[in-house]
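Handing you this structure, nothing more for now.
Chain lettering (A, B, C, D, E and F) follows the sequence in which the chains are written, and residue indices restart at 1 in each chain.
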Amino acid sequence: MTQFPYLQKANRSFVDREVTKVGDIIHEWNASNIRGVGLLGAPLSKSSISHSGACFAPGTIRKALSGFSTYAIEDGIDLAEWDIQDLGDITMHVTDITESQNRVYKTVASLLKENPTWLPIILGGDNSITYPTVKGFSKAKGNVGVIQFDAHHDVRNLMDGGPSNGTQFRSLLETETIEGKNLIQVGIRNFSNSKPYHDYVNKKDVTIYTMKDVRNKKMVDIMKESIHTLKPRVESIYISVDMDVVDQSQAPGCSAIGPGGMDAVDLFEAITYLGEQPMVEGLEIVEVDPTVDFRDMTSRVAAHVILHFLKGKQKGGLSFD
Amino acid sequence: MTQFPYLQKANRSFVDREVTKVGDIIHEWNASNIRGVGLLGAPLSKSSISHSGACFAPGTIRKALSGFSTYAIEDGIDLAEWDIQDLGDITMHVTDITESQNRVYKTVASLLKENPTWLPIILGGDNSITYPTVKGFSKAKGNVGVIQFDAHHDVRNLMDGGPSNGTQFRSLLETETIEGKNLIQVGIRNFSNSKPYHDYVNKKDVTIYTMKDVRNKKMVDIMKESIHTLKPRVESIYISVDMDVVDQSQAPGCSAIGPGGMDAVDLFEAITYLGEQPMVEGLEIVEVDPTVDFRDMTSRVAAHVILHFLKGKQKGGLSFD
Amino acid sequence: MTQFPYLQKANRSFVDREVTKVGDIIHEWNASNIRGVGLLGAPLSKSSISHSGACFAPGTIRKALSGFSTYAIEDGIDLAEWDIQDLGDITMHVTDITESQNRVYKTVASLLKENPTWLPIILGGDNSITYPTVKGFSKAKGNVGVIQFDAHHDVRNLMDGGPSNGTQFRSLLETETIEGKNLIQVGIRNFSNSKPYHDYVNKKDVTIYTMKDVRNKKMVDIMKESIHTLKPRVESIYISVDMDVVDQSQAPGCSAIGPGGMDAVDLFEAITYLGEQPMVEGLEIVEVDPTVDFRDMTSRVAAHVILHFLKGKQKGGLSFD
Amino acid sequence: MTQFPYLQKANRSFVDREVTKVGDIIHEWNASNIRGVGLLGAPLSKSSISHSGACFAPGTIRKALSGFSTYAIEDGIDLAEWDIQDLGDITMHVTDITESQNRVYKTVASLLKENPTWLPIILGGDNSITYPTVKGFSKAKGNVGVIQFDAHHDVRNLMDGGPSNGTQFRSLLETETIEGKNLIQVGIRNFSNSKPYHDYVNKKDVTIYTMKDVRNKKMVDIMKESIHTLKPRVESIYISVDMDVVDQSQAPGCSAIGPGGMDAVDLFEAITYLGEQPMVEGLEIVEVDPTVDFRDMTSRVAAHVILHFLKGKQKGGLSFD
Amino acid sequence: MTQFPYLQKANRSFVDREVTKVGDIIHEWNASNIRGVGLLGAPLSKSSISHSGACFAPGTIRKALSGFSTYAIEDGIDLAEWDIQDLGDITMHVTDITESQNRVYKTVASLLKENPTWLPIILGGDNSITYPTVKGFSKAKGNVGVIQFDAHHDVRNLMDGGPSNGTQFRSLLETETIEGKNLIQVGIRNFSNSKPYHDYVNKKDVTIYTMKDVRNKKMVDIMKESIHTLKPRVESIYISVDMDVVDQSQAPGCSAIGPGGMDAVDLFEAITYLGEQPMVEGLEIVEVDPTVDFRDMTSRVAAHVILHFLKGKQKGGLSFD
Amino acid sequence: MTQFPYLQKANRSFVDREVTKVGDIIHEWNASNIRGVGLLGAPLSKSSISHSGACFAPGTIRKALSGFSTYAIEDGIDLAEWDIQDLGDITMHVTDITESQNRVYKTVASLLKENPTWLPIILGGDNSITYPTVKGFSKAKGNVGVIQFDAHHDVRNLMDGGPSNGTQFRSLLETETIEGKNLIQVGIRNFSNSKPYHDYVNKKDVTIYTMKDVRNKKMVDIMKESIHTLKPRVESIYISVDMDVVDQSQAPGCSAIGPGGMDAVDLFEAITYLGEQPMVEGLEIVEVDPTVDFRDMTSRVAAHVILHFLKGKQKGGLSFD
């Protein structure tokens, strides 16, 4: 309003006319058509085995994301022309965890039914959301491969605590939502998994890259192998990033932290490569717990994961026109 | 062992031979008979409307309790001769909140069935445990009165989120586990409750003492009135302390904090008086969230609530012999 | 959208259909007419003598405010029918502090020019904003009285550092924006002010109530005296609350904290009484620094100041119809 | 230096020419004569039963003290003309605690020998320093009375851990450095002391004012009684303030915190009154642990204790000319 | 007890029937024979030059250790069959530091006298415990070599502060408990040591690997050289890990932190290799200070050091049958 | 004073007679001649775009610096013979940011005018000080080259906020204080800069090494290239280190943190190499914000930058005799 030139929306940060921030290319969904790349929050963490505030991560990741610029100087790539829909959060039930997980499934499935080319970037929440997200994704896409970055197998039995953040890949395998051969686990770590569960994933023909593999191979080669494995077998690939795959010094804001983890830059290289693959049609980030983080460092890493994914997509020539 | 005179159990603190600490009169239950005063942890907080770490409070309250001495110098009363059973915690289900609440009910009910004179001190957990604790208590005791210290009515509708930490008194009233006339709410605070819920408790004939009442009357008079009201109506009285009744400066470690609350010393006086009444046969403390507390200050207040209750019981001549 | 029933705006908190939250009665200004009570953020704290993050207070106070309910049970007053405009924040200049202060003046003046009955609730920022806010207020209202709650006189000389958060009342007095007789300072504290500045305010005929006065008199009597003093002298009264007037244990999130301060409940009583007076037509809260606060306790006190002011206005029969 | 007008000593804070800060009246001792009121740090806390960082308190109290102004507006008293020597800290031994305690004794004794009218303000450190400080004080003064503000008796046996921060008054009594009748303990708290130690101080004829006494009497009356008791019996009085006497909400930075403690304003009134008495010739503050404090709140309370003591001295007409 | 199926020991965490946690293979010592690998806490840090809370590290390391699983997926090694005795903590004297150090010596010596094949894993405490631990170890083993991971030489003179956490290797060398040629220091860092002390260790023929060596060589080669050096000279080797050898970004919870330190993964490789050597018969971890750590990150690194040591032992074929 | 052997200056830390600490070679300037290497604080951060406490960094860096030893064991270099003047801080204006920046310029210029061989080590403050520091430096030195370590270009337009911590290199280029060809930016990072500003520096012929370059080349080769570029073009070289060039896990205490940054050891190698070059005659460190740091980790990195610079100077044979 011209007579009040200094009034602006509350809490707005400094605007430099020559800088495009990621916040400028993300737009709150206005109930228009579902299209392109979309952000979707799944703020569920009551399903966690240990106390978790991962329900706050959609908020902190969005905030971190907004503050970065769109330009990848190292690659000469600018994301300034993107137009990303932020679909908001899935409403969680206060006391019925299974209902909350069901809502995740229904929402992902219905969005992909509405537009099968919609490319979801899902912000967890804890890792329990992966069963419904992948189930919804599979419903739309058919035979699906999953590349999971995680320190843990997450194939716990369901008898000891129900569908938690340690069971989701067992649920996916047991329900045959995905085949073991179509699951690739990267970053599995010492003293963080039990032998019976390692035996289980072996029996299911899951491909495992431990941190020893990550230290001894080039990350891009691991990704090439992974895509090579999945390509002939599946129709679409979904990426699941449990942020605890990264070393505790670089991603301190996860429930289950420890030393001996992945370097964030290796993760970014992997994600960039995967983003370039047209078959890769979905990404989720889980297990960021802002309540135990330091200066949202872990949410900032998460934001970079998303940005490197988009950078890969742009390099890979993604176009929604 | 005499050849290793300096070995002691891990994490043990300094022992002064002339000091009896509260930790010295609390003994881990060894599956012997249920008797006397017993501590029981109910580490449930996934039922909370807003993110809560109240599940950790049984641990921090026990720790705070252990460190205080048994001697109330102001009253010349020493609790050194007590022998309190610590029954441990109720195992909570990882993903089924209703099941967890049921376990609270079943455990309280079965303990009181085993020994109807058992005097429970229940360590929550969030306030949602009050529905099952009072239900279990009532099953054993018959017609029960409840004196609730709380900034909030906690009579929310159950449609909007199920049995949470805002609904428990509605559940108790609607199921007629307790009558409205037998419920007394003390410390209800401005800008912390809605008018419709105030109307609801009025309609149910609940007795309300707001913080204005607390500021304008003597606490001991409010308690006398309360006991006078309940005595002819009920067979037993249960005390429920939601720690957020205390001012945020003195009890910062609760989910829903604010100014204008009760002074801790007033609460201690109320609890002492209530402890002296033989009809008062149970106590619970809820809503302490150690993850947002400062130096376990709020757990220390909770420990003093328990100690003043025991002091009252000793003054009141409680004996289990 | 009916096919996506679980999608909601990001970061939205639990909704109980029977609870009206303060957030429900505050609406982002949509460039419509300026009217009624309005929130206005003045996020300036580069003007502070010591490092201050008070620029973040408009955000944290708004957030604290939104979470409380509209119902004052102690008074039987519900604010649910109010419709408050949130005008957003005044844009501050990155490196020109005087320009920022000027924008505060211009914005307040132009809003009151647009609608002289507009009732501002201004969220600082540090206390330096008081010179431009009162200047703007006076421009519209004429002869103005100010009741300042503060541990400090804030009449420092301007030579040693320019127009900072210690000089604003000197500026107001020296520019004759207000007369000394029309300024009342409440809560002035020991060892927090220099004798020369005490002499200065005395010479200017400012009325001073020290903390000793606050401890020895009833707060409501101090307020009656203050209104009695100002009523025959001024056309309108503005309330300035420097949150450091409250004791450090209850308002730890201010730059200059110390013991010996006011009880928050006394402040609420004062504000309620002042709110009831029709002559009181503006309120500001300054010096809350969320970066050094604990759990936004100080912003919660600030929110209660605003709510008690509105409660007073409703009791006083304010109507904008 | 005139060609570099903007160079100033590192870390210097803002100077307002019309404000005298307490830092301006304290001067680092330059090996001149010992005289007047002197600050002396005793940074010992390895003697504490539980882990304590009280060794950092001389630093934080000095810093808090420096920042306040010299003017007590409530009393119309300005300390601006004082000239206080800061004698620095007593060097502590790294691994020999008894040696460190001895150094405290030797230093206090030799300073008072040098000038028997020197008035020490000693900044602990933990409460174990009180045995050597009072021993040194008594050596110079003869028969000495001690008024101790503390939640605890501190008369533990010495067999279980040697001369710690729980034994100092036992040492003073057993060595007959002071008589029981000349010791007054104020603020002794429930559940913080054992009955055997209460019996011990009773047997020694120590005067005890519990927190119940403090709540039920006027503080100034307790102090009058105390002075009345001591006056005919001793030649000089020493004040020992264990900051944990204050409630945990107002003095959170002490090792042994809990609810039910003294209000800081009551402590200030007591100290002011004591400062006015010519017989009161020494003050110490112990048990402030800045490593567990919030925003140095507890050191700020300690600084106010010192300032109210000086204010009392000025009211009492103290003069060193 | 079957009638209370939900009662469990307080503070117990989730149990998954298919996961063996390290906590499951550690058993509190029940005064049975001393055998196998044993944990022993030495909670002493009053001996530290700068304030240290390393006395809390035995507790936090045990807790971190308990939570990890027994399975090293990278190596295909499971520690699930181990049975480790936790001997608890050595009782420290409250005020006599030399006595505390003596108790460390006496306890280690008597345990190894009881069973010379007992393999100690000692949890400090600060580095001062290394003089008594190695003295006790040497008494049982004869000629001993020590491989010390540390940023610092720790050969300070004893005149300036007695037997502190900076002097222990000087004590060991001066008392000829170990020979300089049998001491290997790994990870010595720039700007963290004085030239005179470097000269001292050179004169004593201590082997030094600085961080430059660590950056330029393979860690496993440094370890091979070290074992090659010691093997012909000593009868047994003891490993001392001062956690400050690790970079401050990965081990922030040490007193003396700085940049330019070792990567934790390099340390784990070294420890694994050393664990495989039968001559290596003891391990200690010192200088972890949980009071200044972030999320017990440093204790988690310490736990991994222990786990890699055990993994090495299992690879090396250790058997106590 | 011999009769008080244990009195020492307040807050002094432990002294080991055989250790030279960096604090021992830095001396507070006593208005003597300006000479050698000098520390100069520029505590300005009100100029920052986002809230910054970088004004506290001169203090924390000095403190970190003082605690390290002078000896670089990896290089066999001891700085013990240096005599560094600490000139204190430049007095900043409370409310006039441009004036403060001017004072930086005037002070640097006048010091270098006084002694053109004076070698400044300037402790910011935010990056806005670089415009006045380099302007002052250039005035004395003539044609100057700058090697800037930074994640960001910092060539923002000046219209949107004036001379902030994002504009200083634009000011230097636009005023032709330095030529684009004489500016080398090292460590520029993805998603932290806009394309228009990259285009701008390209147009100005600034040399850019992105983090990709840093990962793919040896740091020492980048430095050799940089010196090779500048040597024929300029008379003197100034080093500007914005600490946010280092990865967020190693330098968490900067305003604008993110993943993908430089390893501190690479930075130290660069600085050592640059220190060895006689043409390099000035160093500044900016953007350390101690208020958001963890355990002053970032100030410790800053201190190591300075120490490696001095080490380089000593290797390079610097002599002021």
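Assume a residue touches a chain if its C-beta (ideal position, glycine included) is under 8 Å from a C-beta of that chain, and two chains touch if they have at least 3 such contacts.
Worth saying up front: this structure is predicted, and the values here are computed from it rather than measured.
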> If we look at subunit A and subunit F, which chains touch each of them?
Replying inline: C, E
>> Keeping to the contact definition above, tell me which chains border both subunit E and subunit F.
In response: A, D
> Out of A-B and B-C, which chain pair has the most contact pairs?
Replying inline: B-C
> Where centres are the averaged C-alpha coordinates, which chain has the largest centre distance to subunit C?
Replying inline: E
>> For the two copies subunit D and subunit B, is the contact made of the same residues on each side, with over half of the numbers shared, or of different residues?
In response: different
> Which rotation angle, from 0 to 180°, best lines up the CA atoms of subunit A with subunit C, given as a multiple of 5?
Replying inline: 180
>> Distance between subunit C and subunit E based on Cα centroids, please, to the nearest Å.
In response: 57
>> From the mean C-alpha coordinate of subunit B to that of subunit E, what's the distance rounded to whole Å?
In response: 44
> Where the centres are mean C-alpha positions, what is the separation of subunit C from subunit F, in Å?
Replying inline: 41
>> I need the residues of subunit E touching at least two other chains; which ones are they?
In response: 14, 49, 94, 160-161, 249, 294
>> Going by the touch rule stated at the top, which chains touch which?
In response: A-B, A-C, A-E, A-F, B-C, B-D, B-E, C-D, C-F, D-E, D-F, E-F
> Quick one: in the complex, what on subunit E touches subunit D?
Replying inline: 46-47, 49, 51, 53, 55-56, 93-98, 128, 160-164, 291
> Inside the complex, what are the residues of subunit A that reach subunit F?
Replying inline: 13-20, 22, 68-75, 78, 80, 249-250, 264-265, 268, 294-295, 297, 300-301, 304, 307, 311
>> Touching residues of subunit D toward subunit B in the complex: what are they?
In response: 49-50, 156-157, 159-161, 166, 188-198, 208, 210-212, 215, 247-249, 252, 257-260, 292, 294
> Which part of subunit E faces subunit B closely enough to touch in the complex?
Replying inline: 1, 3-4, 6-12, 14, 28-29, 31, 41, 58-59, 62, 86-91, 94, 103, 106-107, 110-111, 114
